Each structure stands twice: as C-alpha cells, then as structure tokens.
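Lettered A, B, C and D in written order, each chain numbered from 1.
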Amino acid sequence: MMADHAKVQRLLKTARGQLDGILKMVEEDRYCIDISTQVMATEALLKRVNQEILAAHLEHCVKHAASEADRQQKIDEFVDTLGRILR
Amino acid sequence: MMADHAKVQRLLKTARGQLDGILKMVEEDRYCIDISTQVMATEALLKRVNQEILAAHLEHCVKHAASEADRQQKIDEFVDTLGRILR
Amino acid sequence: MMADHAKVQRLLKTARGQLDGILKMVEEDRYCIDISTQVMATEALLKRVNQEILAAHLEHCVKHAASEADRQQKIDEFVDTLGRILR
Amino acid sequence: MMADHAKVQRLLKTARGQLDGILKMVEEDRYCIDISTQVMATEALLKRVNQEILAAHLEHCVKHAASEADRQQKIDEFVDTLGRILR
C-alpha cells in the first residue's frame, strides 16, 4: 500500500475508537438519532481512508507502473473500484 | 435506541473486527486495492447499522410519539439526518 | 406529492437545463473532468429534489395519516426508500 | 472527452427524458414515494455517465499522457474529483 501508513493507521484507529464509543452508546440505550450521527461520522472517516489509499494508488502504482501492461492492469483495477464506489 | 440491540451490536462488532483486519493489512503492506475493498465493505456494514437505527426510529419514536408535538420533533430530527445522508 | 410543487419543479427544470448543457459539452468534446463536474452538480440537484419530496412525505403523509394502519404503510414505504438510499 | 460519445449522449438523453417524466408526475400530483423512486433512478443513470467519463479519463488522458508532467496533472485532477465523490 503506497498511502502514508501512519496517516491511514491513525484514521483507522480513530474509526475503531468511535465504534467502541457507539457500542457503549447502544449499551446505554442512548437516543437513535445521536447514535446514527456517530455512525455517519465513522463512515465519513472511512471515506477519508479510502481517498488516501486510492489517491496513492494513482500517484504511485499507476504513475510509476513497471510497464504499459502493468499500468493497464493498475488502471483496470482502479476503474473496477470506481464502479463500486459510484454504484 | 429502539432498534434490535443484539443485531446492531453484532453488526458493529463485525465492523470493528474488520477494522482490526484492515489495520493488519496496512501493517503487512498489502495491495492498495485489496485494502480499499475491505474499507468499503466496512462502510457498507455501517450503512446497514444506520438503516436499522433509522427504520426503528420511524417505527417507534415517530409512530408511537407521546403527542403531536413530540411526533413533530421526532420527524424534524429525522429530516435533518436525511439531509446529511443525501448531501 | 406533498412537497412544494413550485420549488420541486424549479429544481427539476434547472437539472434538465444542466443536462442540456452537458449534452452540448459532449458535442463540443469538452474536457472529461469539466463534464464530470457538471454531471455531479446535476446529481446534487436531484438529491435536493429527493430531500424535499421525502421530508414532505414524513411531514404530511406520515404525520397526518388517516389511520394507524395508513401511518404504518407510509412508514414502511419510507423505510424501503431509505434502504435504497443507504445501499 | 475520451469516453464513448454515443453511449454518454444516449445515457444523458435518457436521463433528460426521465426528468420530463418526473415533471409530469409532479404536475399530476402523483405519490411522493413513486416520484422519489424515479428521481433516484435518474441519479443512478448520472452515476453511470460519470463512471464512463472518469474511466475513459484514466484509460486515455492518464495512460497516454504527453509527458510525465502532463500525467501528473491529469492524476491530480482525477484525485480532486475522487475527493468530491467520496465526500
């Protein structure tokens, strides 16, 4: 993975901590909308993680491909991922 | 929270476990696209959690509101959440 | 439909005008990213239309349901729509 | 734009026709959820248009860049678009 490992790990650990917090909110039977708000905040964090990873894939794997065939494969994989994002 | 606590907790714990797995993939410097795929799988899980929570909010908090004023407040809160989802 | 008809029609006509503009950009063989930006702007408009419609559905159809059975049906239909949005 | 013009134009014209249909539904004061369903169908079409355009940008503009500097610019523009999609 070509993205900044420290940054990605920090975002993932923050997301994991938020899930612990949400589990606690469910246990405490907190209000639905408050829990939903936290779930969406964690989703937003994961989107940032995905942005870091996919941007680095383009910057490194696609840009510095070993060959044209390698570049094509890296682009094909990215286009497939983009399809799932845009679905 | 009016949603099925056990179901929501199970989904959240699965998502948490996936984040542990993704952190391990980053540590092992796995391929970008494979990690991105796992991040999006976790996002999909969180969307399911949100669906459970918001559906139960409508079924219980809105449907069985204590008064018309209470119902209006519950609807207003939901509409605000819907705005953030559709943004 | 309980949403403000004039507002929804205005937003839809703006979106339709944007599609005409995008068709022209394609004809003029304009740059991919510029066209993509316009397509996403039109998507954002349609999300605002959907927000108006669904908020009014809650405010009127759910809140002023003729009976509890009617309210349940209106809520079921909304929950189904929410599921498609969150997918 | 490097995407298949005919395909993109066909998708855009279908979306435009759907907007005409939705405007008619509003005029006829059709049911909220039915109109919302059509709006989301048109959104899905626009996502397909965006997928065609962005995939072709990668396949052509990025892959067949005139120089490394040109490739970097094309990648930067794509990463910016990806950020808006993932927001």
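To be clear about the criterion, contacts are C-beta pairs under 8 Å (C-beta built on N, C-alpha and C of every residue); 3 or more make two chains touch, one makes a residue touch a chain.
Note that the structure is predicted; figures quoted are calculated from it, not measured.
**Q** Just how many steps, at minimum, does a route from chain B to chain D need if it may pass only between touching chains?
**A** Between chain B and chain D, the shortest chain-hopping route counts 2.
**Q** Taking each chain's centre as its mean C-alpha position, how far apart are chain C and chain D in Å?
**A** So the centre of chain C lies 16 Å away from the centre of chain D.
**Q** Taking each chain's centre as the mean of its CA atoms, how far is chain A from chain C in angstrom?
**A** Comparing mean C-alpha positions, chain C is 27 Å from chain A.
**Q** Please work out the Cα centroid separation of chain B and chain C, and write it as a whole number of Å.
**A** 22
**Q** Multi-chain contacts in chain A: which residues touch at least two other chains?
**A** Within chain A, the residues that touch at least two other chains are 47, 50, 54, 78, 85.
**Q** With chains as vertices joined when they touch, what's the shape: line, ring, star, complete or other?
**A** Contact map by chain: ring.
**Q** Could you pull out which chain B residues touch chain A in their complex?
**A** Where chain B meets chain A, its residues are 1-3, 5, 8-9, 12-13, 15-16, 19-20, 22-23, 25-27, 29-33, 35-37, 39-40, 42-43, 46-47, 49-50, 53-54, 56-57, 61, 77-78, 81, 84-85.
**Q** Residue numbers of chain C touching chain B in their complex, please.
**A** 47-48, 50-51, 54-55, 58-59, 62-63, 68, 71-72, 75, 78-79, 82-83, 85-87
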